């Protein structure tokens, strides 16, 4: 790992990958708070090798029993621990949806606050690499409809550090959807073990005045490419990363649309009832008077992920499509 | 280990508290004062109380939709439970949970899952928590015969055994899951025998005999606390009432013979059975009458408390969804 | 049951409840096609008593094993049967979401069309009667994001007959969400055992020109009340019942909004990423130029269903709220 | 019943077809011509072929993510399978499924679930279907040792047994689920013993002995076809390659000892073991060589076919999502 470098205000940074930042965040939280444990299958395979060897009694490598090890994590969270449950590939989330929705999300409310469920459900959205329909979902929209959950999709190494740490310290169930498109992406990450990012606050990746572009999770990669091209052409794009999908920072979205009057939303999930739908709905209710042009949603079409790379490459919005959409709303 | 005399008295008191609380609850339900569903444990008090009394105060319980017996068996006071049934703001869960979810955290009830089988992983996780925290708490997990067929039973018992977690799995086998009998739904009719699949001890016990249940549970609790892992106890019991007060199974073909129900009510009621045993053991009729009067009074007091309590305020609707209220960003139309 | 009455075109009708119409539809399909079977728990308790006694070998009353009896239904559908899987209360759907999403919805696509899954997943949305959070969900939004499914929410006795029959005859997996608010509602139902309604076609319950009101599932009850009041006040409401939520009949929606320029959507599901969000998004993309006023969504707030009737009664939009919203968009 | 001589030859041929197909597939994968994951069954051919040969043509199979062996074991031709691995439009699933899902319906493979444990209910449902349709088909359900811990194993075996469905549950127990060993994940190390929990026969068999697997499977298939219900067969086998070609477990501490892998490759390879047995039974070296040459040619032909096949057209993306294309209502932007 590279040596730390200090910025002007004296904060130290180290360049590291998204996956390393995630690992570091987990390691620091395990170190800081002995209530933190990690539960999941083949932990070492999915990148948690170091954690397992360092904390053998606090990492629980489970049998293949997603429903119940998730439920066990919830039971442990109810009784004094702060588990991180690793569900590995996001398509396995459906096996755990009963305990996540019927237990974790509901117990505090249903017991009138007697029980808290401070837990993190981690999974990775592992798509775009020909693993076919049963391994390639980006299923966060399925959980957005559920009250009581918090849902995060960090897109940078420092954000995953700051948000994962906040998630572990949060007193409510938090789902963290990693996007494997970022695993190897490197950037500066604060070394501060107290580096925390607030849950529920969007980031404005670039300020702009012509159009608001919201990019969710993995779509941020292509959005950044698109913005580069558009900027070079003299178009001023305001690029927003919601980071927290639930609760959503609608204020940042509405403020931006109030300024630009134009909105393009891009994500890699299936389009029906996705986050882009919710954002479009919110803006068409609460920001209607700001809108100068129809909202544009770019998402995966309503079809399963095919194995063939020729076909899969058609699934996720590309930079050209974003550029075209931005130009459409500017026309 | 058998129950001490003090414990025997307490066992009688707690069984009776469950019975009278639920009889009164049924009446309140019929009067329309309790909304929703109402699943009574009447007939099953022996299995519940025998198991609960084998625990220490700091031990934990996860129960089921048939949720009234578990907190009372663990020693909960009745006021907040009755107020919850009546959907009052003084209810144990502030009127958010109701009959299927009577969880009283103060006596160690950490959850009551109305999702059948949903509580088994929670209890196993609570035991994992005790182990990781280095506490010597044990978690008692109640579930019905029907829940045994859920995948969570299988997955959780395997992990509980693998990691030698301090959990006791207690099946209240009342022979039916709503209208489905055990033989219609279990390829292997012995639930205790399923324990072999997870290399844990499996024990069958007469659930109508509170002492026998206590003994089996006590052995299991000691084993669990010693770090030797879980036990599966099948307590054979019977539900006297319908599955749910407002459920009229409405089958021309009744799912259980009237004679069967009558037989159990007449000959296999755990409360008179234990009362007789206590008298034989030398307790006096008057001692028992005192307990009975106390119980009646406690139940009446609970109703009074619930009746006098206010309903929740509409403004409370969103309270306790999250640990801290989520600051509303933008307009949140209802 | 009442005797059949003929209408002008000679079609016979009988007045019956929504639940009876559903039972009749099932019975007729069992009678017509011996490949139809019914799988579920305590079938007789949830209203299928007659079916069980008439077709003992084609009704499979299962152990409590939602995940696997759903998967078994799918396996049976793949191999020559046309199962109706009854999941009873909709909140139990989460236990079956893995087989529904990862298998039923994906298998045809993943096998390049080698395998079809002609199956109906039935469940009832049983809310508003103090059954608390674990028994009161209206979870259709969760499944709308999934490609390959068809999703129905009939609101009248004749619709449930016509749609359930079409679902059984459909070659794809269909989810049918009954709304128990309609169980006892009676209306005329065609006696024709070949009465089929097309999947994917909305119904215009009342034509109108001032405002488009879309009401989904149980919300139709209060919407009808609201429309009565509004009509009396001289407001011309076009009331649309999507009936099929997926695939959605966007044409009917857009045509209506083109006429009225005003849209109110009402449903009883939780608001985030619900169908109303998707409809609002579609209209804000494709019907933006028609819109004269912001879209109004009315839905359950993003909080779990409380046990207490005092609180639960606040969850679902009421007629007054619909009336107020309509008046807002007309202002 | 033991294999006839014809069947023995076929057993050898099919094991070899799996082996050579996968060796070639691995090479193609390394050359970048096969995208995605690639889970080879190399080492497990005895368990697969022994079980498949106990079936009739019209019988059905549901398999797993380790999906190449099952269709080949059931007699599939190799062209469309190789084309599928190479994501070609002539692939058995038109390039939609790939390595984890090689389902060839024409030989009765009705599904390959890459969701571990997900295939067990599907197979049980296929058996239910056979029973309801009055067909005498049997469904063979393959799954790994890891899948045994899923709730679906428990739920499905119970229903399969309860309703005496014509299904044979065959566990390819290769001792590991990715990096997790059986002892680390199964409280009860005998998988066959879990059968008691569902009152079905549980049998352990040497999976490296194709004849022994055939015998056990044959008994189970006969029983299933007679309407006597399921059997659970635990075939002890070993995976020679990594879990997945592109998976580098990357653990400093290897999850399985190199000596263990070497031992199995050297002494427990089902193909040389069976070859030797066949020679001992009197088959000639030249007969076997003919089979070997034929297999090599079939594999080479499959690669040629796949190489020459086109990729799918972008316009096909949404085909076969539904039975009939959904008429686009309104604009459907991608």
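For this structure, a couple of remarks:
Letters A, B, C and D mark the chains as written, and numbering starts fresh at 1 in each.
Note that in this section contacts are C-beta pairs under 8 Å (C-beta built on N, C-alpha and C of every residue); 3 or more make two chains touch, one makes a residue touch a chain.
As the structure is a prediction and not an experimental result, all values here were calculated from the model.
Of the two chain pairs examined here, C-D and A-D, it is C-D that is joined by more C-beta pairs in contact. Ranked by separation of Cα centres from chain B, the top chain is D. Averaged C-alpha coordinates give centres for chain C and chain D that are 40 Å from one another. Mean C-alpha position of chain B lies 45 Å from that of chain D. Distance between chain centres (mean CA atoms), chain A to chain D: 36 Å. Averaged C-alpha coordinates give centres for chain A and chain C that are 31 Å from one another. Chain A has residues 62-63, 65, 67-68, 91, 95, 98, 102, 109-110, 132-134, 147-148, 285-286, 296-297, 302-304, 306-307 in contact with two or more other chains. The multi-chain contact residues of chain B, meaning those touching 2 or more other chains, are 93, 95-97, 101, 113, 115, 118, 149-152, 155, 158-159, 162, 184-186, 321, 333. Within the complex, the chain C residues that touch chain A are 67, 91, 94-95, 97-98, 101-102, 105-106, 109-110, 132-134, 137, 139, 141-148, 246, 269-270, 272-278, 280-281, 283-286, 288-289, 291, 293-297, 302-304, 306-307.
For chain A in complex with chain D, the residues that touch the partner chain are 41-42, 44-45, 49, 53, 61-68, 91-92, 95, 129-135, 296-298, 300-304, 306-311, 314-315, 317, 321. Listed in rising order, the residues of chain D touching chain A in the complex are 35-37, 84, 87-88, 93, 95-98, 100-101, 113-118, 146-147, 149-151, 177-180, 184-186, 247, 249-253, 311-312, 314, 316-318, 321, 332-334.
For chain D in complex with chain C, the residues that touch the partner chain are 60, 62, 91-97, 101, 103-105, 110-111, 113, 115, 118, 120-130, 132-133, 139, 151-152, 155-156, 158-159, 162-163, 319-324, 326-327, 329-331, 333. Every residue of chain A that touches chain B in the complex is listed here, in rising order: 35, 37, 57-58, 60, 62-63, 65, 67-81, 83, 98-99, 102-103, 107-116, 118, 147-148, 150, 170-172, 200, 247-251, 253-254, 282, 285-286.
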